[in-house]
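Naming follows writing order (A, B and C), and every chain is counted from residue 1.
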Amino acid sequence: MKPVEPDLSQISEGMSRLNARLSPQSLAPLLAQLRERAPLVQCLTNSVVTNFTANVLLAAGAAPAMVDVPGEAGPFARIAGAVLLNLGTPHAEQREAMVEAAEAATDAGTPWVLDPVAIGTLAVRTGLARKLVEMRPTVIRGNPSEIKALAGMGSGGRGTDSTDSPDSAAEAGRHLALGYGAVVAISGPVDLITDGHQEVRLDNGHPYLTRVTGGGCALGALIAAFASLDGEVFSAVTAACGFYAVAAELAAAGATGPGSFQSAFLDRLHSTGPAQFGEGLRLL
Amino acid sequence: MKPVEPDLSQISEGMSRLNARLSPQSLAPLLAQLRERAPLVQCLTNSVVTNFTANVLLAAGAAPAMVDVPGEAGPFARIAGAVLLNLGTPHAEQREAMVEAAEAATDAGTPWVLDPVAIGTLAVRTGLARKLVEMRPTVIRGNPSEIKALAGMGSGGRGTDSTDSPDSAAEAGRHLALGYGAVVAISGPVDLITDGHQEVRLDNGHPYLTRVTGGGCALGALIAAFASLDGEVFSAVTAACGFYAVAAELAAAGATGPGSFQSAFLDRLHSTGPAQFGEGLRLL
Amino acid sequence: MKPVEPDLSQISEGMSRLNARLSPQSLAPLLAQLRERAPLVQCLTNSVVTNFTANVLLAAGAAPAMVDVPGEAGPFARIAGAVLLNLGTPHAEQREAMVEAAEAATDAGTPWVLDPVAIGTLAVRTGLARKLVEMRPTVIRGNPSEIKALAGMGSGGRGTDSTDSPDSAAEAGRHLALGYGAVVAISGPVDLITDGHQEVRLDNGHPYLTRVTGGGCALGALIAAFASLDGEVFSAVTAACGFYAVAAELAAAGATGPGSFQSAFLDRLHSTGPAQFGEGLRLL
């Protein structure tokens, strides 16, 4: 395995990063397309969130398939609409299946998402994340400390919890984006999405998402679902993050705690249409 | 492992398959018996649905036990009321435990259910399913594409998703039933249950069951629970499928999406009694 | 591995075991402290309850981290606030990680909880439990049959289900407490907590907790969270069991079954404050 050496030649001090010219009107149709196509999303994810992740995909209109056994993961990545690799509980067999899936997805042109959960101080997943990022994921999603750790700019946080603001990881995100050709989504109170050239911030969401386990992990799967659609990956990632956060806001309005929120959130992922999504979206 | 060679000598072109002479009145008492006995159901199932499966069993009145470690799976299958083998995420250790459990269950006379999730194109699980079906499961449950793939009459679908109608797999189901001495339950908008000689169709259920992950997988576990009761397996399987679908209908009536449905479904599995079950059941 | 030889020299026939001088007023502040600190709880737990366990911790105000991979489990146990080892589905890699975590936790002074799920007749977990208990867990939590089996005074029950009353395992609990220097929590309609010298009984809870899978397992994680706080472990364990049971009572009041209960339970774990906890607590 080579050390991480992002190609940073494209970054210069004075470089101006344009705000992406996205609008609610340009993103909302992607939700309609998602429901029309019901893309098959292969998830190799952690044991804590498999159920919630599958339910999020089903509620939103995609089709989950948790194929993470060596010998199956690769062949399936060739026929899936998109693949998610989430490093939350990376047992030996799953690690092998992840590398197999990343290779097959890359070879077949299947978009794939890397979610480097809790990397930094934890050796097994950090080594795996470095190997996988070299294989050039289509999208990288993480919280600020994970993004900084993956870029070699920090030591990681304490699990999926992160108190840093996404903007604190903006420079790390741009490095990853330019170095590996990925769209990078940094989750937090304000989400930041960057491809190194253009950026967008999302002022949606609700703290209840941090009181339900898998709030970030399931977003990674939804990003994969949107990344399978027509159009630019940058728009797809923004639409996924935005739709997820708008549904969370709508769900939180009637919830009395994280239990009722989780139930209402799945309902809203199912019932929120393109128009309501567009109306609720706040791009910065 | 021998190749799959169902004994088809009992099938002939002109054979008439009788509709089973089952009635709501004959099936409802099985639900009362389930609650009286609280059968212990050993589940070796996929990582996505373990929690939901256990909650379905508990809500309905059975007792789940997810014993799927080699060295424990076999001994436990001897004392369990019934066993479920679900191939959704067949990791190496679990595959070993499944063969151990099937052997012990067969030897001890414990009824066992095979759910060949997403077999067809996926090599690992397809090989395992062929091995397990040779061991003559008491019940086989699947969607139409899985049943066709297991019978060697199709290439499988895309995961647990299936758009084929159960009747499209009726012939495959009869082959499996007669070849291996199993009752076969084919899930879909109308469920079809066959033992090769008699058949019944169930016109109950709700599409929300396909928007909650594990909707089919948990049914496999409930079928195992009913199969542990007194009487014919064919009646038990029909009662399990019918009760599950009636509870889903009742739950869907007050739900606003798949999240609230899931919660209401567990409530209804718990609160629906034999009388309400019998009233709601629509046998075709 | 040495055989289990609890040091029973401290137990004598006539020994009087004092009721602990705990009061709702002395325990309620621990809940406030939990929310202030949000302790990081490392869970090595079974595949059925990972999601629910993490959601219980998040709702209550702690931070879950399911780090159970060899090579990571040990180092993480050094920095975690507390560790839970739950033997519900002890696959080979997790068994290795558990021993690693117990060693590191002991070495680093991190409190850890052992939950010997369904030990007795199941060989793999029973052997592992004997090995782990020798490493002197801070807390042992189980149902009566598990506590008796761990103390060598019974053959275990049928899974997590247990019909014995906690008092039937009181003597076994005292043996374990004195032999290994642990606080022992025995779950049931009335919870019993003992350290061999002092005891307390809790008359809170609701039967719905036995109709939701992981009702006991998630309590083990919450006990770990409280054990990370300042003060005596005995008080911490009592506060954890009491808070959990009071929240269950409040949730059950508005539930129509186990599904709506589960949702309301997470809401109540989140919304119940120290004052309401103290008011609801019934110490015997």
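In this text, a residue touches a chain if its C-beta (ideal position, glycine included) is under 8 Å from a C-beta of that chain, and two chains touch if they have at least 3 such contacts.
Note that this is a predicted model, so its numbers are computed, not measured.
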item: Angle (degrees, nearest 5) of the CA superposition of subunit B onto subunit C; value: 120
item: Proportion of interface numbers common to subunit A and subunit C (over half same, under half different); value: different
item: Centre distance in Å when subunit A and subunit C are each reduced to the mean of their C-alpha atoms; value: 35
item: Interface hub residues of subunit A, defined as touching at least two other chains; value: 47, 50-51, 262-263
item: Residue numbers on subunit A that touch subunit C, as the complex places them; value: 46-52, 88-92, 118, 121-125, 158-161, 210-214, 255-260, 262-263
item: Subunit C-facing residues of subunit B, complex; value: 40, 47, 50-51, 54-55, 58-59, 63-72, 75-76, 79, 93, 262-271
